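Below: the structure, in structure tokens.
So that you can tell them apart, the chains are marked A, B, C and D in the order they are listed, and the count of residues begins at 1 in each.
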Amino acid sequence: MQTKTEQPAQTGKEQSIRTYIHTVQYYETDGMRIVHHSNYIRWMEEARSDYLKQVGLDYDKMEEHGIMIPVLAVSCKYKVSVSFGQQVKIFVWVEKFNGIKFTVSYRITSMDETVLHAEGTTEHCFLNTDLKPVNVKKAAPPVYAHFSQFRKTKA
Amino acid sequence: MQTKTEQPAQTGKEQSIRTYIHTVQYYETDGMRIVHHSNYIRWMEEARSDYLKQVGLDYDKMEEHGIMIPVLAVSCKYKVSVSFGQQVKIFVWVEKFNGIKFTVSYRITSMDETVLHAEGTTEHCFLNTDLKPVNVKKAAPPVYAHFSQFRKTKA
Amino acid sequence: MQTKTEQPAQTGKEQSIRTYIHTVQYYETDGMRIVHHSNYIRWMEEARSDYLKQVGLDYDKMEEHGIMIPVLAVSCKYKVSVSFGQQVKIFVWVEKFNGIKFTVSYRITSMDETVLHAEGTTEHCFLNTDLKPVNVKKAAPPVYAHFSQFRKTKA
Amino acid sequence: MQTKTEQPAQTGKEQSIRTYIHTVQYYETDGMRIVHHSNYIRWMEEARSDYLKQVGLDYDKMEEHGIMIPVLAVSCKYKVSVSFGQQVKIFVWVEKFNGIKFTVSYRITSMDETVLHAEGTTEHCFLNTDLKPVNVKKAAPPVYAHFSQFRKTKA
């Protein structure tokens, strides 16, 4: 199935973002025989890392700029449980960005996108190596440019 | 040290709830040398299980009543990071309860309670063994009585 | 790069096994900024599940036969640490099999296979739904046939 | 209940080591409704950290001496599964020590010590801050003295 999300309309320099796929592992299940809810928080990190790498903001590059991206807050709403043997798609996009903080949103769906398993958000800021918040517009213009450009791209 | 939280004023049948203490493990740290944010979600579960057991609603008893308590939503705000070697206190209380759903709130603090490391919430409902939502007032009156009684007890 | 391991010589009905690849996640690192040693045990499970699925013994099929495969023992020797951002290959093969127990061996290497990160083993038996050990030759001949055939196939 | 293990016969300067107790968490269970085997490796780390702290070798002190203690190998044999709601005792002792490497052994039992759930070992060395192996006899005589003294103390 082709979806707008997987193949967004290309406008200018904007690039297509590949949707992240996670294969459920047995060690992620719990005594209810479904994935333990804490693992969705980890999946959001997996998808976020993959997204940031795709838009050119991988960990190594951030470190070159002396920038860390801690998690300030998370939220997740669980809709339909996920079991061992399943794969899920995780859609990621930058919801808000003001140069100092940003919010990432997530939708976790079945592979055919007909089932919404969960949706969530994470909030972040940028820290320098002294663990002080930085305004990336000044501290790391290339990172700022990337975030401004990709804010509205769903992965 | 005696604290108001650990030894709340006794009113009638209300019982004292012991505050949950978690000792940070090395495997809970990440490459930033602090506890990975996903583990706070697990700590909330630890503290919630301990709380429910203290008020007489331990897992085995719930199973006797044929009741499971899934997690519908989580949220957590991270304030001050926690490192290996530290211990934290986790305060737990039932914030809302209507017989069908309930919300639990958490405060994670340093042992002397001067540092707020994080605060969060989890939302839950009651399911029977067919995974159907149940109104515990009808399905399990003793469980309903417990929740009504302990709703406002901070642990 | 073509390797003997990835494309083993085909003999008769034997099929090619795709080597399992794991992408290191940030939540798998610890305070030494390398992957925590406990995660290698989980990676071995990931690779084992993938291998069993490839040879037609996926979880669902095993359940149809009423068979579970618990872990009786694990061992792992850590050679060269792995960091966030890396990918690793995990080679899997059934080392021993006597119809009642079997041993799986693992080699975890860099993507170009020049660095051996770790090697390990896991021991297993077959249990029926009463948690009693079963001889798969009698209890599930198709499973027995699979294991006998694929015993020496490295993945 | 007083046991020989918890209160070993005192000989000279040898001190009593408190046995480590772990309370099983729900997030540690898996789809078989028992503790996932990878968590035993984490429990061994919990018990080892607690033991090292009790004998005066806690993480902070090791760091003062510029010494890290990586894991070179692990092994674990699983005997009787553990379920949510249980507590286990973990006995720890230094099995071998030659100034460069050491081996720690573990026994995981029920609280009344009548059931052996698992037994395992971990192998370690000492690294300096350049990640080079060090002979602690030269590099950190107090650490060497501790290990030589406590080698045979079961916790």
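Definition applied: contacts are C-beta pairs under 8 Å (C-beta built on N, C-alpha and C of every residue); 3 or more make two chains touch, one makes a residue touch a chain.
Not measured: the values here are computed from a predicted model.
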Given the pairs B-C, A-D or A-C, which one repeats the contacts seen at B-D for over half of the pairs?
A-C
Among the chains, which is located farthest from chain A on the basis of C-alpha centroids?
D
Chain centre separation in whole Å, for chain B relative to chain A (CA means):
28
Distance in whole angstrom between the CA centres of chain A and chain D is 37
Within chain A, the set of residues that touch 2 or more other chains is 26-27, 38, 42, 45, 84
For a test of understanding, state which residues of chain C touch chain B in their complex under the given definition.
26-27, 29-31, 33, 36, 38, 84
Footprint of chain A on chain C - complex, ascending:
25-27, 42, 45-46, 49, 58-60, 84-85
Residues on chain C engaged by chain D in the complex (per definition of touch)
32, 37-39, 41-42, 45, 68, 70-78, 81
